[in-house]
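Following this line, the structures themselves.
Look for chain A in each of the two complexes below; its partner is chain B in the first and chain C in the second.
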Partner chain A sequence: MKKYWSFFRIRFIRGLQYRTAALSGMVTQFVWGSMEILLFRAFYQASPESFPMTFEALSTYVWLQQAFLALYMVWFWESELFNSITTGDVAYELCRPVRLYDMWFVRGLAVRLSKAVLRCMPILIVSWFLPAPYGLTLPGDVKIWAVTILSMTLGLLLIVAFNMIVYMSVFYTVSSQGIKLFVTSLAEFLSGSVIPLPFLPDHVRTIVELLPFASAQNVPFRIFAGDITGPDLTISILKQTFWLFAFVLIGRYLEKRALKRVVIQGG
Partner chain B sequence: MKSIRLYVIFFLMHLKSMMQHKVSFFITLIGQFLISFNVFLGVYFMMTRFHQVKGFSYSEVLLCFSITLMAFTLAETVFRSLDTFETIIGNGEFDRILLRPKNSLFLVLCSKVDLTRFGRLIQAVVMLVYGICYSSINWTPLRCILVVLMILGGVCVFGAIYLIFACLCFFTLEGLEFMNVFTDGAREYGKYPIGIYGKTVLFICTYLVPFALFQYYPFLYLTGKSDNLWYSLLPLFSALFLIPAFLLWKLGLKHYQSTGS
Partner chain C sequence: MIQVEHVNKTFKVTRRSAGFSNAVKALIHKETDTVHALSDISFSIGDGEMVGYIGPNGAGKSSTIKILSGILTPDNGTCLINGRIPWKDRREHVKDIGVVFGQRTQLWWDVPVIDSFELLRDIYEIPRHQYLTTLEELIDLLALEEIIKTPARQLSLGQRMRCEIAASLLHTPKILFLDEPTIGLDAVSKLAVRDFIRKLNRIHKTTVLLTTHDMQDIDALADRVLLIGKGRLLLDGTLSDLKSRCEPECSTLDEIVASLYREFQI
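What follows is the complex of A and B.
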């Protein structure tokens, strides 16, 4: 356990070095969030009765999404990992007395967390000060905060576990390019990062909510915004847990099978 | 004339080198298509739920989306080298270009033509055809020309922004990531007519960066929401944005000191 913890710390501290990048990222995300909310405002004005959530909930969703972008965006791939498989550098990693899956999992977590830690606070604070329906609305109940944090953790682990499946698949396909692009765009839409899932038509939405990607950012942000309550809340958390276990098991199985007869590329 | 011939030669050269990795090329092409297809899906589901936004119907929004997307994609294909200008400066490539007996900006543009962006162009064309067929626009010859003008105006505006990016690299020697707000942001949010974002955004996009001049105002005339004939001339004005960008380039070039690598 200790070795994974120190590995986590190394990656985390390394991630904190990129401060200028974080600053410009923040500017971008702030503009993005504002435009998104202005866009939804136009739709809200067009017909408020067709709006599937309250406007406060939507604004909260958008700001959380921008603040924690680094945690839940599927497209934060680490090209270093892909390359290490393609070039054969992975052989060095395999020599170490640690399990590849665990090490890369910890690494993925650390990279995402360090990015998010640098960026989230200013966005959250500024959006909290914005006028009523356009800013971040905080829930009064302490229980909601606790559940949100639990759900955010599950969602983050789920996304990292999903990334791991894709990294492992490269052991079988060698070229990562195709699968990366395809999977990214599919997961993007299904996780609700293009438009929040409640905006989908009901029949599409029932299917999408059964899929694993709906268990990532969709759940915690909507819990925090007060859009998921009561029995739905428990079901959503259970679904998150289920998909997390499923993804971890699939990933670990793929890893085991790949490493049984590993072919090291390059020379 | 000679320059055009030279550009064609460069273009064919890039095409040939890309065709060396055909599978990779086509996969990237499909990937580009899929990513912007997501944006389309977002628009589609929003419009099926709300039917109209600020008086614009689904087919009108698609028409607007396609014009922005096409302008952006064409600009990105041609001006891609300016977007990655910090690498050209960083690795000393620009010093080599300065030694050649041709306009340096022209040679920079020749150094990279990114054809993988055509995945997006396919989508833009499909949406344009759909928008033209299904919107209730009363097509006159002027309106047909206007669509072309809007796209060309857009290419000029995006080109000018890329040029300004590159000029900043002369001073900072590295790329400024937040400038993406103006290109990727405009592509992302230019899918809807700019007017729907409210007065402040429209003001910025009219007087600061002239997105609205090739997108929103002419689009009002195109869809018959405004009779003001002047609006159809605005895409030409938006092209004037190239002038300050070009002057900035001249200034940057004067100040340029090699990175020494």
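What follows is the complex of A and C.
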């Protein structure tokens, strides 16, 4: 366990070094969140009855999304990992008495957490002070907080497990460009980071909610905003767990197969 | 003890001629050639031996090192290192070996070298006491005192290579594979590296297998030389065996090797 903790630590500390990037990221996310809420406000004023969430829930969703962007952005890749596979530097990591999958999984967690830790607090605090219904609304029930944290954890693990599948695929395809482009745009939409999933037409939404990407940020943020309750909540958490296991199994299978037939590039 | 018997490895290489029309053709039908990186390689290396592994570029040296370190699986043949098959039992096997790839880096680029060392300490689960003793010895022998506090990106190539070698030895492996450890180094660094490897072998009886294109490395380090070309093992003998093959007498080691390459048409 200690080796994974060390690995986590070195990557985490390294992530904390980039303060200017964190500051500019925070400003961007704050402006982006405000614009998104203003945009939805226009919709809401045009026809409040066809709005699928309460406005408070929407604002809460948007602010959580901006604050924890680093945890759930599917389009974030570590180019070092892609490079190490295409240039063959991965050779060194294969000389360690550790499973490559585990090592990179921990690394993925560390990068995302270090980014999020730097950025989330200011956004959460400022948005909490914004007047209703434009700010962050906190749920009164402690249980909701606990379930949100559980669900956020599952969602984060799911995203990292998904990243791992893409990293492992580079052992087979050599170039990461195609798969990155394809996966990024699709997953962003399907995970509800472009528009929250309740805004999709009903028949589309039913399908999208079954897909794995709906089990990332969509679930915890809507739980926190009070938009998922009762039996839906249990089902959503179960779906998250299912997809997490599925992604981890696929990733580990790809890793195993890749290492058996792997060609470490370069002399 | 390293035993390699009848190891074969082939790679598929895609080929096409230059130009647009050929590129379009390759979209529909990819032509692949099979390259025999290693054919029927057998040798054995005893404990504490220092062996030089030489051959022209593309001869199969790196492939052999990768197979011995467990990161490449051969098509067939057997290989036993201290009773283990490297690619089957990779995680146990790598605890016993150290590998230095001269053209790659294992140090974290933007943190002080010592941080990378401590990560390796935890990855290999080296007991604290043993780690400190080894580190002290390596710092002393490789003159690392000042440079381990510097981030790897600010080191010169020679300094970095000394750190790379130290990093590969922190877990006191019984076997050390060096893949072109002196590539690109200046005279002083080369001598320092050679001197260190000799001492390591003398003090700890570490088995060393090194590939290189620098014949002075071989002269300084190897008691025994394996010559490989086009995937075949052509010669296995001492340095003086190598010298005696050269007719008429060659003056430098480089000439001897060049004449061997000519003789075997590799």
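Simple rule for what comes next: the second predicted complex is superposed on the first by the 267 of 267 C-alpha atoms of A that agree within 3 Å, B and C clash if a C-alpha of one lies under 4 Å from a C-alpha of the other, contacts with A are read in each partner's own complex, and residues count from 1 in each chain.
Methods note: a contact is a pair of C-beta atoms (placed from the backbone, for glycine too) under 8 Å apart; a residue touches a chain by one contact, two chains touch by 3 or more.
Keep in mind that what you see is a predicted model, and the values were worked out from it rather than measured.
Asks: Tell me which touches more residues of chain A here: chain C or chain B.
Replies: The larger set of chain A residues in touch belongs to B.
Asks: Using the superposition on chain A described above, determine whether A:C95 touches chain B (first), chain C (second), both, or neither.
Replies: second
Asks: Given the touch rule stated above, what does A:A42 touch, chain B (first), chain C (second), both, or neither?
Replies: In the superposition, A:A42 touches chain B alone.
Asks: Based on the superposed arrangement, let me know which partner A:I195 touches: chain B (first), chain C (second), both, or neither?
Replies: A:I195 contacts chain B only, not chain C.
Asks: Applying the touch criterion given at the start, work out whether A:K3 contacts chain B, chain C, both or neither, answering first, second, both or neither.
Replies: So A:K3 only meets chain C here.
Asks: Identify the partner contact of A:Q17: answer first if only chain B is touched, second if only chain C is, both if each is, neither if none is.
Replies: A:Q17 contacts chain C only, not chain B.
Asks: How about chain A: which of its residues touch chain B in the complex?
Replies: Per the stated touch rule, the residues are 21, 24-25, 27-28, 31-32, 35, 38-39, 41-43, 45-47, 50, 52, 175, 177-178, 180-182, 184-186, 188-189, 194-195, 199-201, 204.
Asks: Which chain C residues qualify as touching chain A in the complex?
Replies: Touch list, chain C to chain A: 11, 57-58, 62, 66, 69-73, 90-92, 94-95, 97, 99, 101, 103-106, 108, 110-111, 115-116, 118-119, 122-125.
Asks: Which stretch or stretches of chain B touch chain A in the complex?
Replies: 24, 27-28, 30-31, 34-35, 37-39, 41-42, 45-46, 48-54, 176-178, 180-181, 185, 188-189, 192, 196-198, 201
Asks: Give every residue of chain A touching chain C within the complex, in rising order.
Replies: Residues 2-3, 5-7, 10, 13-14, 17, 87-89, 91-92, 94-99, 259-264, 266-267 of chain A touch chain C in their complex.
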